Amino acid sequence: MIVRPHPTFFEKTFAIHGSILVAILPKVLFACLTGLAAYLVHSDDDPFFAFTPFTALGVAISLFLGFRNNACYERWWEGRKQWGAQVICTRNLARTCLTFLGSEVSIDDVGVAGIEIDETNPKSPTSRSIASIISSLGVCHSHLLRGQLRGIWLSGHPKPPNPSYPADAVVDALKYAPEGHHESLANAKNQPDAALRLAASWVQRCLATQTIDTIAAQSILKDLNDLSSVQGACERLSTALVPFPYSLLVHRTIIFYIVLAPFAMAGDLGQYTAPFNAIVAYTFFGLDEVARQMEQPFGDEPLCLSMSAICRTIETSVKEAFGEEASPPLAPDQRHCLM
Amino acid sequence: MIVRPHPTFFEKTFAIHGSILVAILPKVLFACLTGLAAYLVHSDDDPFFAFTPFTALGVAISLFLGFRNNACYERWWEGRKQWGAQVICTRNLARTCLTFLGSEVSIDDVGVAGIEIDETNPKSPTSRSIASIISSLGVCHSHLLRGQLRGIWLSGHPKPPNPSYPADAVVDALKYAPEGHHESLANAKNQPDAALRLAASWVQRCLATQTIDTIAAQSILKDLNDLSSVQGACERLSTALVPFPYSLLVHRTIIFYIVLAPFAMAGDLGQYTAPFNAIVAYTFFGLDEVARQMEQPFGDEPLCLSMSAICRTIETSVKEAFGEEASPPLAPDQRHCLM
Amino acid sequence: MIVRPHPTFFEKTFAIHGSILVAILPKVLFACLTGLAAYLVHSDDDPFFAFTPFTALGVAISLFLGFRNNACYERWWEGRKQWGAQVICTRNLARTCLTFLGSEVSIDDVGVAGIEIDETNPKSPTSRSIASIISSLGVCHSHLLRGQLRGIWLSGHPKPPNPSYPADAVVDALKYAPEGHHESLANAKNQPDAALRLAASWVQRCLATQTIDTIAAQSILKDLNDLSSVQGACERLSTALVPFPYSLLVHRTIIFYIVLAPFAMAGDLGQYTAPFNAIVAYTFFGLDEVARQMEQPFGDEPLCLSMSAICRTIETSVKEAFGEEASPPLAPDQRHCLM
Amino acid sequence: MIVRPHPTFFEKTFAIHGSILVAILPKVLFACLTGLAAYLVHSDDDPFFAFTPFTALGVAISLFLGFRNNACYERWWEGRKQWGAQVICTRNLARTCLTFLGSEVSIDDVGVAGIEIDETNPKSPTSRSIASIISSLGVCHSHLLRGQLRGIWLSGHPKPPNPSYPADAVVDALKYAPEGHHESLANAKNQPDAALRLAASWVQRCLATQTIDTIAAQSILKDLNDLSSVQGACERLSTALVPFPYSLLVHRTIIFYIVLAPFAMAGDLGQYTAPFNAIVAYTFFGLDEVARQMEQPFGDEPLCLSMSAICRTIETSVKEAFGEEASPPLAPDQRHCLM
Amino acid sequence: MIVRPHPTFFEKTFAIHGSILVAILPKVLFACLTGLAAYLVHSDDDPFFAFTPFTALGVAISLFLGFRNNACYERWWEGRKQWGAQVICTRNLARTCLTFLGSEVSIDDVGVAGIEIDETNPKSPTSRSIASIISSLGVCHSHLLRGQLRGIWLSGHPKPPNPSYPADAVVDALKYAPEGHHESLANAKNQPDAALRLAASWVQRCLATQTIDTIAAQSILKDLNDLSSVQGACERLSTALVPFPYSLLVHRTIIFYIVLAPFAMAGDLGQYTAPFNAIVAYTFFGLDEVARQMEQPFGDEPLCLSMSAICRTIETSVKEAFGEEASPPLAPDQRHCLM
């Protein structure tokens, strides 16, 4: 995500970082060339076409671009809302666990049923509080979800730009899961879902030992269900793109316009045909490119969501809830980009 | 659903699979013909019409196409959201059942009231866990819903393209229901609803034997209600289409435009009238066709939702929750189509 | 509602049933006449107006029509969503009642407080299950709501087209209410609300006799509240139409356009002025008429919602839940119309 | 609110009541004058401007008007939805109270803590049922909310058109509150909020005397929270208008257009400039005026919401629930206006 | 926020305060200059360009401006809705606490676990009611959220216009937190979240001492979760702006239009080119500026939300609930601005 909150007039006029001009430069130059060709071959006496019929194509382009842009922005914004909900749900989970379980109930109190805990490992002491274990599994879920989403996105690529992303996410995630869960998490087909199931197994443990009553279990399960909703919505966004024919219709209609309209404009615009066509191409392809990047909000292109930074926010919230030291928030890089 | 996540510039310019060009080719050729006719009969001295009045028709077409496209896309997206919710709800159901029932409570504990279970059949042992039975009925509900929706869609067809679809879905569904339920499911007028009712009958059984308390029953019923909401919304989408007159208005106004506008453009465009009219027809009929396919998101046309693949995802989630081996996810065919 | 799910190209071009052409024919002919008048009185030397200033009116019309059409479609779709929710809620109510009350708890167990039951009447035996009574009151609520909504709609008419509608609905409704409730239902100012209150009185009876606990009562009340929400939303839709000035603005601006524009077009279009004006009138008044019919989704015009068919679906679901024989679903008439 | 559900063609063409023509007549006449001036000073040889550049202004106006109209309509419709929710919530409150409290539990049973009840007053007998007291406080809340909203709206006026409105609402409200609450209600800074707090104090009383359990209290509080949500949303709508600059931008751009465009049209339209400009002004200012009235849905202009009629509906529902005689619904006045 | 509820015709035509004219004056003057330059260098015989091709740019600008304006308005309105929800949730929290805890349960009853209370300080007596402490922490949360949001906004500025804002908010917030919480609140990385956690710790305390049951705790936690949702949504709005490339596309396309279009209009408009270009610039840059201010609803520019006034409303509601004297509401300053 590009983070430049208060740009000045000149930054807005000449900024390169954060602009999509670089990404569409070849297309803009192509429009320059067709404009130049139209200027060179046209004659004032016998113009190829009048411009008026092009209003029909203009109507179609504005319809297609407008629709696709709206649809993609709404996908992007829904993706951001879901990750915002992930932050809220993890905080709620920690608050609920602390309220109903307190910070004293530990593994010793509820036992370990169906879960392998290496009791000899000092890093997963059985005295760890259950509230903290369940809440940390929420953080674990966030990291695994980040990895899963980027993995879905990468798998469609011929050359993944950064294949270590999902692996990184799993490493981050395992820091927040008790040692005994590592194997079952790593082997799961749907890793984030497995994290939620493991959290629920602790709730069941607490119920079985009557540490909490069914009301409290209902409240904790409600928070886990909310995390599950976020995951389901993100999976939907990353597997169901805007139907493919839209991008074809937009793309092809703009190509028609950029190639044909200069021949209709050359009589009116003369030597200015090429730059004018380039400006029109900049606006049309620019919006098309912004829409394309926002269509898949969980990728790693400049406009995609800063899921790593959000995961850090989630870590901080849960750590603070249990009085642990939190890492500082992630900052954007020199190109104003925050992932 | 067409699955081509990262198309290149040339794929977008020349792709055939996933394009709707093939579907509307006859209409585009028809526009070529009217354009050719207009070019042949027009005379520069006495044009039939000026183009200007056609802006009124252009306004109407952009209004109709824009509205219908938005309405149909929202239907398609709501359909996808509902199936995404189906995934979420089935996972929640499994998590809730495991938490409140554990994996040990079995048919032996709660008895079998009002449900015929063939105890001699080794495939439906009475020792099967209730949590697994209820969760599997969620998977069963998904398959039955898929069959029901495709059945509603097919019933409007003169020649159903693949009449075995709904039957397939029932076969898949019955794998996830205890043997004793097969007959009542098969005879039900509304099969998915019957699956939910059967799941609720197990909850009642657990209540009657005091295996769970009313709080836990409330939680499980809540998940069943969520599945019921998905079903109701899908039934609504498949029985209440965008009002019929819209597609008439769109269709007829485009026909008027495609037939009449060339006579107004022939003076300006000359020999280019026919290809230009074909391009305009491609954009208008293209959007119309995309909208038509998305209007019924539960059909089996290329843009319709990949309900079979989603059902597989649901199967995987529930199987993993009970430690069973899951089948691999469905993959798109050579034409990039995933159903 | 018009039900023609898979129309062919020719059906879409020439269909009469389901088209709104018949409803707006007088207006289209009126446009023909003004077009003819303009053609007859115009002279090529001294045209009345240029067409260009009409773009301002065109902007206004597209704004008004587009807005009104969106608003009315959203009303229609919200109406359909509410009735879809009615289906979902009634099913949920039956499932909840069966789970918490089972099918054995009967009037004999809870007594009859404050409700007159004619115990001598064989059709309302005191051994009837409470779950069935409460669920049937949900069906009763659906029929009464249908009657109430159509009654509100009819009351604005000079000549009600079919005054027996609401009465029919009450007859259908009373079949699903115990005999003892008939009088209080018939006398209620707000009949559907009374049905919900009667259902709640049975819940209170069960509470008072400790047949269920407060958790179960909370769940059943939740389902009744959902039915109440549907009712409230439908009452809102049927009493608060799109503000009246909008339809005036749309109507008058189209009239201005249809009357004046031909005089600006006659110079360009000559003898084609009249048919062209008729086509423009068809598109503008066509959209206006579709919007008008959808504005009141609970009326009995062709585009209005098929509330009777939905009530039949509700009946079927509840009957199946209690093992009773259900009637077949309603089918559209020869004009493809399903009410 | 204007109530004319089934207007005929002629009513729509010539209606005065319910039209906003009267409100914008001065502006339409102003447009006539500028059109007349343009006609008088123009000369065919040397027109002031060409009309083409005005398309840029037309784009801006359609953008501004379209946006502002949508925003204001959504405010109006949200206001109506909230009041519809108020109806639903009050009915739910009565149903919930009757179910959990029955009609027998009275002040005698729960005592009167912290609330002054004049026991000598025959109109507030201590034998009154608690269910009825709490439900009536819901009606009281509706009336107080109506008064509060109209009071916020009036306070911005130089000359309040009917200053007795809020006072009337308070009088209506107090009829539904026990005598002992009158003083604390009248003195509260936020009267509707105080009504909800008083209702909650009765719930607390019931809890303290163990008349109900915490589940029942939770259900009743949920209904009170829903009423609180409606109130909060209405306060938001009435204090946060569409940002002021929008109405300036719309207003000023229309003024520019109405003043300048005639000078561009006079060459084309000649003597028809003045009426044509008036028609354009009617459409633009008409939409602007409709938007202005809908922006503040809780005022007392013709398009504002019929809050008094809705309060009467609420009264009826609660009275029927307790078997009391209800007043007839309010009817629109001769100008088809229902407030 | 600009507060001018009932402006007259002349106020709307000539108002300065609340207009955004001042903010965009340099850009309007720049448009004057380019218009003047175009007028001076143009010649009637050889115009630079025809205006017609500019319709393509006009389409792009209307698309960009329309989209960005909608997106920003929705952000602003969502921000306002969230703060409206904050008001509702705080009122609900007070009502819930009073109902389940009453006003008598005090620190003496539940003890002070894990929280340092300076018992020698007369301002935080241990006899203070728990209901009041928890509710006041809701007010505290509101102030801290206000400070946090303005802090995020300020941190992007080169010169913060009023750096004391967030500090002020913390001072206001601490008035509503018990003394013993001051240090942990001040040191928290996420202060508002810490306030909610402290409130939950009191709920846990009440649970541990069995002052309330788990149902009541569930209800209070639900209200805290709602406050947490508001906070999460506000953090999302303030950290995820509309993607940066949009403002570049809008800005640059307007600049192109303002610089180039005069050369196409000079032939038609002559001496009126400069003022006409200024009017067009006013409308385009005006909308751009309104959108820019609304994009960040939590800043301190004139159109930003009046968070201080809303916090005062929240204070009033909670104070009234506990019978304390409330401060008067904040009023707009002379420039009609309310922050």
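Labels for the chains are A, B, C, D and E, by order of writing; each one numbers its residues from 1.
Everything that follows uses one rule, which is that a contact is a pair of C-beta atoms (placed from the backbone, for glycine too) under 8 Å apart; a residue touches a chain by one contact, two chains touch by 3 or more.
As the structure is a prediction and not an experimental result, all values here were calculated from the model.
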Joint neighbours (chain B and chain C) are none
Would you kindly state whether over half or under half of the residue numbers at the chain A/chain B interface are used by both copies, giving same or different? different
As a multiple of 5 degrees, what angle does the CA superposition of chain D onto its copy chain E give? 70
Could you grab the centroid distance between chain B and chain D? Build each centroid from C-alpha atoms only and quote it in angstrom. 40
When the centre of a chain is set as the mean of its C-alpha atoms, what distance in Å lies between chain A and chain E? 25
Where chain B touches two or more other chains simultaneously, the residues are 52, 55, 62, 66, 215, 218
Indicate which of the five shapes (line, ring, star, complete, other) describes how the chains touch one another. ring
Chain C touches which residues of chain B in the complex? 48-50, 52-53, 55-57, 59-60, 62-64, 66-67, 71, 114, 153, 156-158, 188-190, 193-194, 196-197, 200-201, 203-204, 207-208, 214-215, 217-218, 221, 224-225, 228-229, 231-233, 235-236, 240-241, 243-249, 251-253, 255-256, 260, 296
For the chain C and chain B complex, residues of the former touching the latter: 1-2, 4-7, 12-13, 15, 18-20, 51-52, 54-55, 58, 61-62, 65-66, 69-70, 73, 76, 80-81, 84-85, 87-88, 91-92, 94-96, 98-100, 102-103, 213, 215-216, 218-219, 257, 261, 265, 268-270, 272, 276, 279-280, 282-284, 286-287, 290, 294, 303, 305, 316-317, 320-321, 326, 336
